[in-house]
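What follows is a set of structures for review.
There are two complexes below, and they share subunit A, which is joined by subunit B in the first and by subunit C in the second.
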Partner chain A sequence: MEDKKISKTAVNDTTVIVKPFKTLDNNNAHEMVDIITAVQEEGYKMIIVDMSDLEFLSSAGVGSILGTIENSREAGGDIILCSVPDSINHILEVLDLTDYLTIRESKDMALNLAGTAN
Partner chain B sequence: MQNKTTNRYKIIFPSDYSEATRTGFLKEIGTLLLEKPKLISLDCSSLKNIVSSQIGLLWEMRRRCRKAGTGVELLSPSSGLICVLKVLDLYDQFQYVDEATFKPREKTAKVIPTKNYADEFTPDAESIDKAQSGFVRFLESLNLHHMTIFELQTIFYEVATNFRLHSGMQLSEFVVFTARTNDKKIALAFTDSGKLFDITKYPIDLNPEIAGKNKKRRGFGIVLIHRLADKIEYIGGKFGLNILVLEKRWK
Partner chain C sequence: MDKLAVSHKERVAASFYKWLSDEKSLLALDALAKLNVQFANKPEFGLLVRTLLLTLAGQFSITSTFAILREPEFAKNKTVYLATGRFVKNHQLESLLLTSALERMFIDFRKATRVSEIDYPESCISYRGILNDCGVDVICPLVQNDKLLGIIGLGKKLSGKSLQEKDIELFNSLIQSVVPVIASSYHFWELTNLSGWYLDILNHVKQGVFAFSCDNYLKKINSAGFDIIKRHNPELTDMLVTFNMVLEDIFDERYFDDWAKRFIKGITENDTGSIEGLILKNGDTEYAYNVYYCKISGDSEFRADFIITLDDVTERFQAEKQRRQLQEKLEQAEKMEALGLLAGGVAHDLNNMLGPLVGYPELILMKLPEDSPIRKQVCKIADSARNASNVIQDLLALARRGRYEMEPVNLNKIITEYIESPAHIKKCTDKPNVECQFKPGKNVSNIQGSSPHLYKVVMNLIVNAFDAMPEGGRLTVSTSQEHLEELSGGYTKIDEDDYAVLRVSDTGMGIEKQNIERIFEPYFSKKKMGSSGSGLGLSVVYGIIKDHKGYYDIFSEPGEGTEFVFYFPVTKQAEKSADSTERPLGGAESILVVDDIGEQREIAADLLSSIGYKVSTAENGHKAVEYISGNPVDVVLLDMIMEPGFDGLDTYREIIKLNPKQKAIVVSGFSATERVKEIQKMGACPYVKKPFTLNTIAKAIRSELDGKVSSTQ
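And now, the complex of A and B:
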């Protein structure tokens, strides 16, 4: 189940990086929701989802982000997706989500947006 | 359960589809194949209400027989069975015999074209992952663009996960999956015996703003399937089966 692992790394008091590995699907989407909800409750306003290793994103994976993003926005923060592979970005485009979601090309750019220069 | 004529066995296809029956039937086939018969006649006369697990079992039997160099003919198949096999593009994989005359309806079974694919899976995560990997390997063998493979993999996963979550199928029941390609398109067909579910009746609209505001976490799979496939056809109810056929044209 290494492929479905999700890690989290705090950058500072307000920003955290959440990184799903190869797959974000029905098997680990609930874990993604739990992690995002937990860091939101801990007070992290900016959540960077590093997708650099992601190879497969299912609709449940999309739901894990879409279902939690408003909590961050309501608290004055956001969920920022970064390093999104072409294939994953294609799924977001197919669902018309690319304008609604905050997406940055690289982790550095996401950190800059979060107000945390690397 | 079986009788033998010259190098040809006749056996009865089981009418129930429990795991024990499946195991027993395949064991019986295995024993028969040790004798290397030219042909096995499968009496399908008791097969009236077809479930996907039985189609899966039929396909598995055919696969084993083919590997052993033994032909399979279906004796007295119902019109429902023939129709399902045709929809799944499996019809040409068998020979057919009228019981009264014992004369073949079709001379020979065709060889499986290399661009056809068939598999079965149970509605659990492990089996779906395994079937998904097998399907991706098939797609890779066609030398398709990686984005096309990804789209088809996504369609497969979303449909398969729908079975797992919503079909009400038992873990001992099988979903039969086939794919066939030509120079214009690929057609995927899923057959299952779960709750009748017509995916074409569900809306494909998605407003990201509203979905986000409502903290919506589910329902995107059907939208994805609709938007990634070029054509979706649902054939359900007629034989107590769901048959979902999805097409994607090559770009």
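And now, the complex of A and C:
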């Protein structure tokens, strides 16, 4: 688990947690897109991106979420970011994304939101 | 560094300096640095462009981006489409083609431009609508050295608004700084695919292609070339890959003849050349190649100096060989037909002349007292006449016009009959140094054939085999049943079926290769006249085999022996059981003998009267019809060949008008013709060959008279 850069854990039939480790940048952004696209196609509406272990998020990393988020929203779901470290939150602020993206402080809160949404 | 490059770099730098105070620009600089590092490390074109699109999405806070990339000319698809957000699986965008007009347009303005501000050329006017409909905001071409690699498009911002001018400028700067890296990645991708593509083409060339350097070292070989080497010298194939091999070692003289030497000499004198129809043996198999070579001229550092092409033409060569063999066979068959025709004509005349010689001795012997001193001489006349008649039968068989009584027969039985015959036993006694063996095959089915003729085949072959071994040896006759699709010799096409196979082999002097095809010709015999004395032994065999719808193979090696193999299609019918009850020879019925030759009439009348029949004669067809109209007879003995215009068939037609059920026997010195067959169709009359013996004709008459159809008189 630890050596994986992005992990995927299904919570129930509609919710899945995707967790990138350390970095989400040019090197693994396309992998992130592949994972999110795959779970979307499998029918998961709510995708929680757990950023608790994330140390660095590049433009490409941000792009991997923006490039796939509309799919989920069109299907009545969403991509929820949770446990976003301050440094990464700063980047999202610079990019004016904090209002557009659904962000929750903790995983439980994200799960709670996913549950409510369902 | 050229002016253009300096100004380009300055423009990019100025753009970034302008935005350096902005945190977002720092992010862009960071993204650019990362893109460059990634592009340098992993030059996978498609992946890089995907990352670029994600970076742009993140950088400009937009969800939808796309790239349409031109593929190299040889690629399967003209373009590659990549996208994020709403542009994923967008069929309208996917269907956009980078036409030459569009290419010129993008090359002209080179930089990121709003879709609404593009001045579309006439031929690309539809693009405006498509791009607008899809929600594309800004497009930037990827141009390197005046070549359009593709276009990158961005959708509107999250707010639904267009990108600001400063964003477009940053977008442009980002793209312009990564274009050189994208271009190298593109060319690397192109080259990687191109070399694979060329290799693919080369490996799908049917001919073996070998490329050599000027000092004769192998530089490249294709799959077909590899297969050719493997076919002739399998040990070499591993070395071809591992070691530097020179031409002469590859085409080793032991397997490839000395053509490589000739070839090297040739290439020093000429730029191109060929050796056509190079035959190489691999064990018993022959392969044929056309070899071509040509020098390669050019400046490429990677070029080979000359290539050799080996075109495997074995199939064509074999087909040509087979065609020649078939042609020879056809000519042979035509020759046999012509000879047969000639022989058939002679046989007819001779048969008529032999009539009295065969018939009268029996009559004379009947009348001579048992102790008459001339009985012996008369017997000799009869024997000689019978032998002469046999020779004529050979001629007729050769002409393949002899009438065969085809019925289910068994080869084993016929061979056994011959092997047990006094003639064969005598031969074995006379030649004790020949070991004669018969190995009858088990479960050999019957064939549709004529026993006396097949007996003759067996006799001729065995006698020939004896004669081929003057110093003694081993003679083996065997039979078997085999399912065949083709003959071992493969020259003749046969119907796939079960065949009864007769093999006669000797360990004698063998037949020279050039003579094998001629041995069936009449009088071709290399030995003294055979036992039949006709010089027609094998010609007769040939005719009989053909009449039995059989095939043959001959295997012979001079000094080692010969094997004749004959294949007869089998029949499921059983042999007729022998009729054990001898029919009474004579009778008291009335017979009309119709023959235009006086002697023939006389002899028939004499023979038939001698066994009790009431015989009348008629010298032609008209007289016969006239006679029958006033004097009904039990049976008519009708000669087939009479005066032109009113032969046996015409006569018979008239006779059956008078009596539709008139019984008749057709006789002829000639073989069964179409006209004879016609008569038989009309009345199912038996046919008797001339010259006939008393026994034969009496049997035929009796069986006709005792037939199912009763006389109506």
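Annotations
Rule of thumb we're sticking to: the second predicted complex is superposed on the first by the 111 of 118 C-alpha atoms of A that agree within 3 Å, B and C clash if a C-alpha of one lies under 4 Å from a C-alpha of the other, contacts with A are read in each partner's own complex, and residues count from 1 in each chain.
Keep this in mind: a contact is a pair of C-beta atoms (placed from the backbone, for glycine too) under 8 Å apart; a residue touches a chain by one contact, two chains touch by 3 or more.
Here the structure is a predicted model, which is why all the values come from computation and not from measurement.
Overlap between subunit B and subunit C is detected when the two structures are superposed via subunit A. Touch criterion not met for A:Thr14: it reaches neither subunit B nor subunit C. Contacts of A:Asp96 after superposition on the shared chain: both subunit B and subunit C are touched. After overlaying the two complexes on the shared chain, residue contacts for A:Asn26 are found with subunit B and with subunit C alike.
When both complexes are overlaid on chain A, the residue A:Asp86 reaches subunit B alone and has no touch with subunit C.
Annotation: subunit C segment clashing with subunit B after superposition, chosen from 132-140, 168-176 or 582-590, is 168-176. Common to the subunit B-facing and subunit C-facing surfaces of subunit A are residues 25-27, 29, 33, 58-60, 62-64, 66-71, 91, 94-97, 100. Of all the residues in subunit A, the ones that touch subunit C in their complex are 25-27, 29-30, 33, 58-64, 66-71, 91, 94-97, 100. Of all the residues in subunit A, the ones that touch subunit B in their complex are 25-27, 29, 33, 56, 58-60, 62-64, 66-71, 86-87, 90-91, 94-97, 99-101. On the side of subunit C, the complex with subunit A involves touching residues 23-24, 27-28, 30-31, 34-35, 37-38, 47, 50-51, 53-59, 61-65, 84-86, 88, 158. Of all the residues in subunit B, the ones that touch subunit A in their complex are 125, 146-147, 150-151, 153-154, 157-158, 161, 164-165, 206, 208-209, 211-213, 215-221, 223-224, 227-228.
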